[in-house]
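By letter and in written order, the chains are A, B, C, D, E and F; residue numbering begins at 1 in each of them.
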Amino acid sequence: MEKYISLAHGDGGELSHRLIRDVFIEAFGDGNAAMFDAASVAISASKIAVTTDSFVIKPIFFPEGSIGKLAVAGTVNDLAVSGAKPVYLTCGFVIEEGFPIADLRRIVTDMANEARKTGVKIVAGDTKVVERGCADGVYINTTGIGVYEANIGCSLEFEEGDAIIVSGTIGDHGIAVLAARGELGITVPITSDCASLNRMLEMVLQHTEGVRIMRDPTRGGLATTLVEIAEDFNLTMKINELDLPVKKEVHGVCDLLGFDPLYIANEGKAIIVVAANEKDKVIDLLREFPEGKDAVVIGSIIGKDKGQLLLETPLGSKRLLTRLSGTMFPRIC
Amino acid sequence: MCVGVPAKVILKKEYSAVVDVMGSQTTVGIIFVPEVELGDFVIVHAGQAMSIVDESYARQSVEEWRRLIDARNSEAVK
Amino acid sequence: MLEILKQSSNPEICRPLAEAVIEIALEFNRKFGRKPAFMEVCGSHTMSLARTGVKQVLKNEVNLISGPGCPVCVTDQRSIDAMIALAEGENRIICTFGDMMRVPGSAKTLLDSKIAGKDIRVLYSPVDAVRVAEENPDKEVIFLGVGFETTIPILTLMIGEAEKRMIGNFSIWMTTKLVEPVLRFLLDAGEVNLDGFLLPGHVSIVLGEESYQYLVDEYQISGVITGFETAELLSGIYKSIELALSGQAAISNNHPAIVSKTGNQVIHQWLDKYLTNCDEAWRGIGVIPNSGLDLKPEYDQFNAKKRFTVDVGEPRKTKCRCGEVIRGLIAPNECPLFGKACHPINPVGPCMVSAEGSCAAYYQYMRESF
Amino acid sequence: MEKYISLAHGDGGELSHRLIRDVFIEAFGDGNAAMFDAASVAISASKIAVTTDSFVIKPIFFPEGSIGKLAVAGTVNDLAVSGAKPVYLTCGFVIEEGFPIADLRRIVTDMANEARKTGVKIVAGDTKVVERGCADGVYINTTGIGVYEANIGCSLEFEEGDAIIVSGTIGDHGIAVLAARGELGITVPITSDCASLNRMLEMVLQHTEGVRIMRDPTRGGLATTLVEIAEDFNLTMKINELDLPVKKEVHGVCDLLGFDPLYIANEGKAIIVVAANEKDKVIDLLREFPEGKDAVVIGSIIGKDKGQLLLETPLGSKRLLTRLSGTMFPRIC
Amino acid sequence: MCVGVPAKVILKKEYSAVVDVMGSQTTVGIIFVPEVELGDFVIVHAGQAMSIVDESYARQSVEEWRRLIDARNSEAVK
Amino acid sequence: MLEILKQSSNPEICRPLAEAVIEIALEFNRKFGRKPAFMEVCGSHTMSLARTGVKQVLKNEVNLISGPGCPVCVTDQRSIDAMIALAEGENRIICTFGDMMRVPGSAKTLLDSKIAGKDIRVLYSPVDAVRVAEENPDKEVIFLGVGFETTIPILTLMIGEAEKRMIGNFSIWMTTKLVEPVLRFLLDAGEVNLDGFLLPGHVSIVLGEESYQYLVDEYQISGVITGFETAELLSGIYKSIELALSGQAAISNNHPAIVSKTGNQVIHQWLDKYLTNCDEAWRGIGVIPNSGLDLKPEYDQFNAKKRFTVDVGEPRKTKCRCGEVIRGLIAPNECPLFGKACHPINPVGPCMVSAEGSCAAYYQYMRESF
């Protein structure tokens, strides 16, 4: 087989056919899917969850992850935080001419492994090739379908006093990826937190009541995600700077570069807003999983009127947090 | 354009040094602090070490803060 | 030693320290019937005071006024426009600190130019600009040399590096500012009533404690050299109030661990070798004689202003009141555009966009609600 | 609002938020979707069809179409030829820094219009921005979900003698797009055939029996799609060169450039393999739609053993057709 | 590297002409056929008109083909 | 007139015409006890005979042998390797016809180089290469000038254009071939037994009918100038058999609508102005004296071979039998690699990849099954 992707691998002809056969079907297993324009799959619910994300991360391989693992975990997590059980995934590749096929294999293998681990099936795919200089290696879109199980889910019935929980340290992914780009000249003993959270979150939903909402604080970081929740549901939320779980190395890099961990992307963390009386149980459940071992309560809902997120500083003063605004983070998801 | 960050010198070369910032490493210029030694803490600004942190003064400052607090506490007790 | 350094943000120290400051401020108030007023000269101080919450915690007892210490903000509009015009030229790579990108020029921003395809690069480590020049021999690489005393030495390092490696396609567009001339301007103008200055720790690394003696000798005003961590800020303010209460003007070094009496002499040698005083135009102020540093004529080959000409028209007039904010005459939220027409996504003035700008500090870190 | 896309529009912060609000929700209508990581939608079947495609066409606007219209129609068609009724769509954008927001609006409006026309709902989306030079304007992934209606569909029970029908002239899309690129210096009075075929194909399935399979001959053209069918189901198929519907202008351009209309992409055509006794009915049904007015029988299944596609020349000789093999067509889908 | 395509000249400039190929238009060089006139058919190879089609000869060729066929048919009848 | 031209592919004419050819071929067979054998000199003929089905329809009655007429295929391996090596240089833009891209060099193909990032452009209209040069003044633009008499005039046009516009960064890597010397070689070698040649219509536009007289005068063999459409091919073959039956050697112009007696005189002037005869190496044959055309020395500035040196090693040996295919000694499917190790996606020899290659024609258009 060829060593590099050429435009002909994307023209739908013989080379496309071989690429699908020798790389994609080889990894994803299901040859039948390639025979039809659409995959035909069984569904066992009357309500499904649908989500889509494109992944354009640079570099495509980074400590403890790759664009392939990320593309599966990212979409699985969007389904999982929505309270759905991820069942099917599609993947669309846009590949730059000249991309090494060995790298593509590695990516596709990572996807297959992560899919297997999470229990989702990759049922449809597509490959396009663009000229050199019209992409940066490879971009992957994954679209996920999940099913809602009866009596399980997020209530959206927020109360004053509800606890805000984050399932682990923040900023690891963004910092690990930035460092892996090599441009900053920084060596960081931090790996990406990129992980599928569906098993852990399913456990939380199954064994507790009172979960109001769950979100994964990816692009824009914890602050942006919480601002979205506060605004969308008109809540006043407060988090405490002293309670934020941040690894000291992440802290150090942020100091050096002028970043704020609150705005750095995570790819294996969940925010859970839960009734106050259930928060300890949720923390206990989360901590049973390696991905949740650093779970903590970071704040609470303090009002239901303003649609604002506040940060309490170590000095006890409060300030408004807004969405990430116009800083130019490089591509980290 | 950010405030200086204290970093510990863990490897010294002629014009640069590898420093540790809370567990992460980076290389900084040391042209402005030629006398720096392994184990010293330096204040890094835009990739350059600008000053060496004087430990005894740093300690003094902390003690001063504590004195201020204690003074106040004892006053409050009075 | 890290343990010691960490104490500066230890809440168990900082919280009672804040109370101590409040207490001594109240004492001042009882004595003089008003709040003590200090100007933090430096934009990094402005940011740190806001971000750590010190400014809010003290807002009822201490009047902390932001000064002309954000290098981007004090750069006059024509100069900003010139840098943006510079980026429009063909075959150039512009290297810059990140916070220049969104600074509003009269017609556009550097970010607009970048989006339109110009090669404009944000560097974390400015010395990399020399490497960029070496790697792109057929392009002119120009660094936008904006900064105060902390940053200026790094510009000289870049020149030294380019000189050593004989790099012909590298130059700096110098538009630097010095602290002393602008402090003198403010004091001479007498617009703001101050009980002292919070003097910037990192600028002081370069200048040294003794360099501020003119404040005492000529203006009978105090200055306390202050670091940027919570406890450092609080203790600096504490000391400032103490001095004000004593009625004695003095320079106090509250950051002795990194600031010496005479400053960093190695840096002074670098500055002396490459630079010479020059007049600079300040936003909202105008030209202050000898208020900046430019390359000596023998380094003209590295001086972008000598190598390139740019055409800039009359700067566009806006309702931005940065000039007054810089001089400490109004607080950011006294500007009618603040948070409405002007916010970080769509800044009207540089004070809303620079990482050290007062309006940005206020918007990002001091709003408790909206 | 800004005139051009910047990296900050893709960092998940304030500008991303505004872009979603002012461009996407504005066009697609459903603001609720943006509040969750996944859309929650009702589904009324136990079997669904899932398909995904990325669109990287150049130019993004072309006669009678745009990447937006294409991205909806292309995925709708993959569902429709699978015998499913398209119901939901997701869209993932990868946008190049500097892309005009006015163009993005036009594209999104085209998508919304085509979705409305076909009756699908766009339920989830994602936007990523990459640096200038890391994409060519905009790439769009759409993923489609369709439902199978009971007793309707393709049988896959092929018989010797089954007719091969194409729903109209071939090569129009590819030639129109190539000409629109302007690089060839050719003016062609041909517009893209880009169209959603779901209504037409639904009609065929509802009113006839004996449809074996349907496919849309996009990338790789008619020949490549038929070769895929022949190989996948081990059929010997024969088509007649004289029966191929090719517009004379397409013929002319192919002669000039050395292309073969059999390998040129279509974006509004279906291939239908149907029992011989139903072929006239299918043709009649197709011709009731503007998209099907040139529908013709082009060949038949002549054996069930070899997995080959043959072309009968005007002289009566036969030759084997293979997949498009390694010619470097520019991006036309 | 393809066989010549016949194209009709619909606009003549000094060194180039716009030609029609079954309804599509393109521009070709006519340096090699300076005598070409509007309405002429030319044989285009790699963007250049190489020859002007002589209609009467073209007609003759077709007639010749028909003669060959007819001859054979009448032979077959015999 | 379009109606007349269209008749050449009208099945109502073509089908009976094919029967007429078969009939006269059978007559030949009856008379001589063997099939008549003709060589189509030109690669475009090979392709057209295969694509239209003429070759298959006649396969039992007429022996149609492909000759050395695919310009890419006859280019010797060292020359192919040189062009690929040329593309490896820095700061170059290589312009080429599309079918060069996948031609296997000893180590790689042009397509491999393009994928690896070299700027290699396929042009539909070769004269565009001059425009490319004009638009990229800091790059060397080199056109790969591969071709026979039909293409060579276009190369001279490009030189004329570059000369007129005074473009200094444009040149052509000339590796052209002429029909007459190779026909003479084949006839002199006497390897193939032929009853005549099908002479290529488009080459003949340039050369004219009379230029082939040497075939009759020196070799007593016939030649029929033939077009590329179905009826043209069939009637050309018909005429060839007729001549063979008659026992008389002659040149017959079966394409008079576009081919004149003396060829295109304007083109001759262009060729004379810029070009001069040169020796060329042919794949599977070796150097044939005066079998190509090169730029005259006064145009050295446009001659890439004079401007650039490339290093090529000894060509890699393969089992490819293109050399024999080109000389008409074996049919493509007699090569043991045909359709197995060698196919259009992974061609071993140029004959499998060029748009005019015999193996490609056979693979694409003459397989009825596999």
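Keep in mind that, in the parts below, a residue touches a chain if its C-beta (ideal position, glycine included) is under 8 Å from a C-beta of that chain, and two chains touch if they have at least 3 such contacts.
Here the structure is a predicted model, which means the values were calculated and not measured.
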Intersection of contact sets, chain B vs chain D, gives A, C
Shared touching partners of chain A and chain B are C
If chain centres are mean C-alpha positions, then the most distant from chain F is chain B
Note, CA centroid farthest from chain D's centroid sits on chain B
Chains sharing the largest count of C-beta contacts are A-D
Between chain C and chain F the C-alpha superposition rotation, given in steps of 5 degrees, amounts to 180
Whole-angstrom distance, CA centroid of chain D to CA centroid of chain F, is 38
CA centroids of chain E and chain F: separation to the nearest Å works out as 21
Chain B and chain F have mean C-alpha positions lying a whole-number Å distance apart equal to 77
Rounded to the nearest Å, the gap separating the Cα centres of chain B and chain E is 86
Within chain F, the set of residues that touch 2 or more other chains is 124-125, 345, 355
The positions of chain A in contact with two or more other chains are 6, 14-15, 184-185, 258, 322, 325-328
Chain B touches at least 2 other chains through residues 1-2, 22
Chain-chain contacts, ordered by label, are A-B, A-C, A-D, A-F, B-C, C-D, D-E, D-F, E-F
Given the complex, residues on chain D that touch chain F span 184-185, 242, 257-258, 306, 308, 310, 313-320, 322, 325-328
Interface with chain E, chain D side, in the complex: residues 179, 184-190, 247-249, 251-253, 255-256, 258
Listed in rising order, chain C residues that touch chain A in their complex are 9, 11, 14-15, 18, 52-54, 56-57, 98, 101-102, 122, 124-125, 230, 343-345, 355, 364-370
Seen from chain D, its contact residues with chain C in the complex are 4-6, 14-15, 18, 97-98, 132
The residues of chain B that touch chain A in their complex are 1-2, 5, 7, 21-27, 44
